[in-house]
Amino acid sequence: MNLTHCLLLASFLFCVGVYGLLTRRQAVAVLLALELMMNAANLAFVAFAHFRGGPGQLFVVFALAITVAEVAIGLALVMLLYRRHDDTALDRASETQG
Amino acid sequence: MSSLQSWAALAVLVPLAAALLCVVLPPLRRAGKPAAALCILASLVATAASIYLLTQHEAGAVTRTEVPWIVLGGKALASIGVNVDGVSVVMLLVVCVVALCVQVFSLAYMHDETPSSYGRYFTLHALFLFSMNTLVVAPNLLQLFAGWELVGLTSYLLIGFWFHKPSAARASVKAFWMTKLADMGFVFALLALFVATRGFDWNARLSTETATLVTALLFLAVVGKSAQFPLHVWLPDAMEGPTPVSALLHAATMVAAGVFLIVRADPLFAQAPATCEVMLWVGSITALFAACLALVQSDIKKVLAYSTCSQLGYMVAALGAGSAFAGFFHLGTHAFFKALLFLGAGSVIHAVHSNELADMGGLRRKMPVTTLTFGIGALSLAGVPGLAGFFSKDFVLAQLEGKAGWIPWTMLMATSFLTAFYMGRVLIKAFGGAESAKAHHAHESGGAMLLPLVVLAVPALAAGFLGGVLAEWSGAEYHVHLGLTPVVASCLAIAGLLGAVMVFGRGRAAPFAGVLESLDRASAVDRTWSGLYRHVLLGVSAVAGFVDRYFVDGLINAVGYTTIESGARVRRLQTGRIHDYAMAVVVGALLIALWGVLR
Amino acid sequence: MSHLLAWIVAAPAIAAAVLLVLPASARLPIRVVSLIGAVVACAGSVLVALTYDRVAGGMQMPDDWALVPSLGIHLKLAVDGWGVALLLLTGVIIVTGVLASWGVEKRGKEFFLLLLVLVSGVFGVFVSQDLFVFFLFYEIAVLPMYLLIGIWGASHDVPKRGPFGFAWKRFAVGGKEYAAMKLTLMLLVGSAAILVAMFLLWKEAGGTSFDLAHLEQTKFSLATQNWAFPLLWLGFGTLAGVFPFHTWSPDGHASAPTAVSMLHAGVLMKLGAFGVMRVGMVLCPDAAANWAWLVGGVAVINVLYGALCAASQTDLKYIIAYSSVSHMGIVMLGAATLTTTGWNGAVYQMFAHGIMTGLFFALVGLVYERAHTRAIAKMGGFGHVMPAVACFFTLACLSSLGLPGTAGFVAEFLVFLGAAEGAHSWWAVPAVIGAVVTAVYVLRACKTIFWGPPPTGEFAHLTDARSTEWAAPIVLGAALILFGFWPRFLLDFIDVASHTFLARIAPFS
Amino acid sequence: MTLLFVLALVVTAIAAVMVVAAKNLVRAVMALALMLLGTAVLYALLEAPFLAGVQVLTYVGGVVTLMIFGVMVTRRHEGANAPAERIHGFRGLVVAAGMFALLAWAVVASDLERGATPIVKPETTRSLATALLDDHLVAFEVVSLLLLAALIGAVVLARRRDGRDEGSAILAAASREAIDAQQAPAGSAHGGDAR
């Protein structure tokens, strides 16, 4: 159990989140992927705090708050998306097409 | 400014005042007769001034006053003013007298015009007199050029006086363009003179090749204005204008401006023998060429037009031979009898209502005075001994005999024979022989038309004897001697006349008329000029127009088009779908990271 | 009278402000207010001409208001010899322009408003001595053109031909909107070049002040000058119709309404040439001397090429627009000779050509309003129905071909003399040939339109000029003759200024 | 100790993959919950007990339930399985793999273990609390403001203008669906809506 392992796990989680972000059609699935990425970041923070000291954990606290706020707003937008398109598929909402 | 200059200035400014008054007060011009009266009054004043100048002028005196016209950095770059010397005084008199006679003649000749165009006619005449006088009394070549162009303008306006006739419109524009093309030479001459001497004075001492350059360019302008060989095609077409205009401008004064320029700028021409040589040949060729063509013209005015061309060739040849006075003397006498001939022709045309010689015939019984005056003019032109033409033409030939080679001499001798021959033809066709239908009910013209004829007949008869006085004034030597040339010339003149009587008396055509007629109809020179204009100039301009509209402008449009088109394509990148944007963000981050790592 | 220059610049702007208040339906008050604005400005410029001390010369009647002291931008107004001549020109053209557009029906209020704003910009340029304010007024003068041509213009179709035909898909070439757009875009590209050069010079001069006098004192390094001068030449040159960038002018003038093309061809193109000489050549003397061969060479192309293009046009307004390009070439040629004669000729040609083109476009406007066509092939014999217009048109033709006795001759002859005595005296040859070609196309147009048998059919009842339409021909025609017979009225002003400016360049040329 | 660490690590990884790969949205959310629990265990192992607790409370408790609500409310008539299709599958994989390769290479190449001095004063909850409440009190208050703003924002965004509540929309959708079933019994209309 050392710093490298934790960081490897964090980057794995992050990349899985990126994969989810790029490939999922449903808005909620994308939010999940985002959640995943945020957690990866927090994990890295904690790992550094543990193995190298420093205020890592403090960051995580704030990060948590921000993530929660983001999810709340995200879901509100998903509700609007659903109400407008009767479906949460993201690629249907392309009104901003040039 | 001594009294002489003020009189000369008067002769220039009074016609200008009359013209400006008519322009500024349209009711005066539209009234017709009052405008005519004003202009004739102005001509009278000008003539009186010139006569007074003649009497006061003592030989050899040159008085010149100049007012700075353009001042740059304190120095007068160009100036205008008045220059009174032997040459300008005589020329002023000739111009004013002929102009006065023509204007009086026009009173009757143009009486069936509407009052407004009648007024316009006389306004233009006043403007012409002003321009010609400016040219005659010019103290430097720049003012002479200004007069030169203004005279070109009035010729353009007067040829196109009956502008409802498309042929008159074309003729006036053709005249202006050809003279403007030739005047390009005058401009270049002025530029060369200015670069060499920072001034426009004709007494400048120049190196021979600058002098040759300047004089050659000046001669180019003279070829245009005095209708010498290549550029003579506009003169016959200029006959579209009213006959008094042809008499004044295209016979006596305007076309003589070219010869006057050479006489005026004689100090320059003296320094350039090469140009004189060219002048000699061009003059002789024109004289002979024009005389041949005059022989076959059916329109009386065209005959006189070509005759003018031919006589101008005489004068240019005389100047080419180095004798300025010979050219000038012939210019003076020619102005009088050619104006007389044209006014005579005008009176005949007015009576017969047609220019064609075929419609005339046997007018001697119906129009005795016109016949007599026209006869005097014709004989004087032909060079019959005793008349003005004889003295001046033979003096030219005498000068030529000494200085130039024998070919120009023989050409001019042949021309004098041909001149007598075609004038004989005109006399017989118009006044001799049986009456044609139209000539039947012709009647003698009124007093107003006959008086000028008579007035002009006097100098046509007597001007020859004034040769001595004139020579003394302009400081040239002149003596009448009965050498070989005068005798041969007069015999040729008389032979020409008799030949005409024998040939045309019996109604037969001239021996080789057929060839000349086909030559005239072919009018190769005229066709080359119009070809040059239509195919070369308009062709090149059409190409330029196309290049500008579809290449240079096209390029700008293409730039505009590509901008809009590329904008449209880039716009398609914005798909509006979030995934594409997410992909762009991630890939971008990745690339930056890679760049950071690999750098 | 103090603040005279400020009054001249402000008068049209104030009139425009008053117009804002007036209701659109008040047809006559709108026109009267605009006329008052124009007349006040014109009277001011005449007063400037009278009170300007010719002997002293230099900058006179200074006014100075600090606008942005930190950057060194002052509204500094003063007039020199050139300014006097060009103020007079602008004053005359705006008064005759307003009178010529008395009959504008569509949205008269906005039309006069934009016209007055435009002309106050032009007045500003000729008197401002601060480079930044110079540029500000320059833009004010250029921008209203877009609306004036776009809304009140007249479009005509240009057949799709040539290798760049594909562009026709994207915009209707020849339409008034197209003309307005092209004109504005090309001039703005030019202004961009000017802006760059302006800041280049400002930076090199220590970045403390935009004052032209201050900029003149600083000795710019050759490198900066070799960058600034071409930019200034091409920037201002676009407005002056310099060869490759002149194509906006024919379309712009052909589509513009009468008064706008009078103002634009008559005055605005002089703005460009004035800019090149006053800012470009005076501030960068060495570069001006180095690049003189190029400026002159292009000017020669302008003269001959412009004349040839004009000779091939069938639309009357296009003929005159191309002739403006050709005559502006003569102005640039005079400037490129870097001799006092050449420079005086150039500025005098600005004045003479301004009057001449103003007269041309006023008359063309008259003919167009009556005959509703500009194709000269259809016209003929108009001299019978409108003799006065015919006379004035002939006078304008004669001045444009440089007949002695008209202002055109004095200007062109001075430029020819300048070219002949300058470094490249061969320039005079194509310039004079250009004048002859001008004689050809100008008189051909005159013959086709006014001469020939009386018109029948729709043109039979055409009428001559009426009430206010007499103003432009009479005033401009008289000016042409007056400044042709006695050029010293104007030339002494111009000469004083030319000497002071040229003294900076003389050692280099 | 390392055994627990490995176990937690594996569970978290697999759960993460499940979140992304699940066909059914609800299963994905459950996988997320599992992943969060795994992470909480890891926090505990890395002596961050407070965070582990907070993690469990906020995420597993709050966020996951919120997600479930999100999934349930925004489903028309797919029934329980709420399919989650995938698009650009291959491209996403390539980019993600590329990123993982880069990060992994960066972590391994920077050889963190060399010269790793053991930490002297372990981070305790007490020191975390003091840091939070006196050194960074301002930040703490700002975060609370942030949460309040998010709260109000979410409510305003999701408010229905037409007064009908969510439930009724679902009921209306369900009734419509029932009618469709009667009229077109053999209709294939399953899962994918007619695009």
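So that you can tell them apart, the chains are marked A, B, C and D in the order they are listed, and the count of residues begins at 1 in each.
Quick note on the criterion: a contact is a pair of C-beta atoms (placed from the backbone, for glycine too) under 8 Å apart; a residue touches a chain by one contact, two chains touch by 3 or more.
Predicted model only: the values in this text are computed from it and were never measured.
Chemist: Consider the two chain pairs A-B and B-D; indicate the one with the greater count of contacting C-beta pairs.
Modeler: Pair with the higher count of C-beta contacts: A-B.
Chemist: Quick one: most central chain, C-alpha centroids?
Modeler: Smallest centre-to-centre distance to the global C-alpha mean: chain C.
Chemist: Starting from the mean Cα coordinates of chain C and chain D, work out the distance between those two points in Å.
Modeler: The separation of the two C-alpha centroids amounts to 71 Å.
Chemist: Measure off the straight-line distance from the CA centroid of chain B to the CA centroid of chain D, and report it in whole Å.
Modeler: Computed value for the inter-centroid distance: 103 Å.
Chemist: Rounded to the nearest whole Å, what is the centre-to-centre distance of chain A and chain B, using the mean of the C-alpha atoms as each centre?
Modeler: The separation of the two C-alpha centroids amounts to 98 Å.
Chemist: So what's the Cα centroid distance for chain A and chain D, whole Å?
Modeler: Roughly 7 Å, centre to centre.
Chemist: At least two partner chains per residue is the criterion; list those residues in chain A.
Modeler: Within chain A, residues 18, 21-22, 91 contact more than one other chain.
Chemist: By residue number and range, which residues of chain B touch two or more other chains?
Modeler: If we look for residues of chain B contacting two or more partner chains, we find 579, 583, 586.
Chemist: Counting only residues that touch at least two other chains, what does the list for chain D look like?
Modeler: Residues 87-88, 91-92, 95, 99 of chain D each touch two or more of the other chains.
Chemist: Which bits of chain A are touching chain B when the two form their complex?
Modeler: Contacts found on chain A: 18, 21-22, 30, 90-91, 93-98.
Chemist: In the complex of these two chains, what residues of chain D are touching chain A?
Modeler: Listed in rising order, the residues are 1-2, 5, 9, 12-13, 16-17, 19-20, 25, 28-29, 32, 35-36, 39, 42-43, 45-48, 50-51, 54-55, 58-59, 62-63, 66-67, 69-71, 73-74, 76, 82, 84-89, 91-93, 95-97, 99-100, 103-104, 107-108, 112-113, 116, 119-121, 123, 128, 131-132, 136, 139, 143, 146-147, 149-151, 153-155, 157-158, 160, 169, 193, 195.
Chemist: Across the complex, what residues on chain D touch chain B?
Modeler: For chain D paired with chain B, touching residues are 87-88, 91-92, 95, 98-99, 102, 106.
Chemist: Report the residues of chain A in contact with chain D in the complex, numbered from low to high.
Modeler: Chain A residues touching chain D: 1-9, 11-29, 31-33, 35-36, 39, 42-43, 46-47, 49-53, 55-58, 60-62, 64-73, 75-83, 86-89, 91-92.
Chemist: So in the complex, which bits of chain C are touching chain B?
Modeler: 158, 161-171, 173, 182, 185-186, 244, 246-248, 250-251, 305, 308-313, 322, 340-341, 344, 381, 383-384, 387, 398, 401, 403-405, 409-410, 413-414, 416-417, 420-421, 425, 428-429, 432-433, 435-437, 439-441, 443-444, 447, 450-454, 486-488, 491-492, 495, 499
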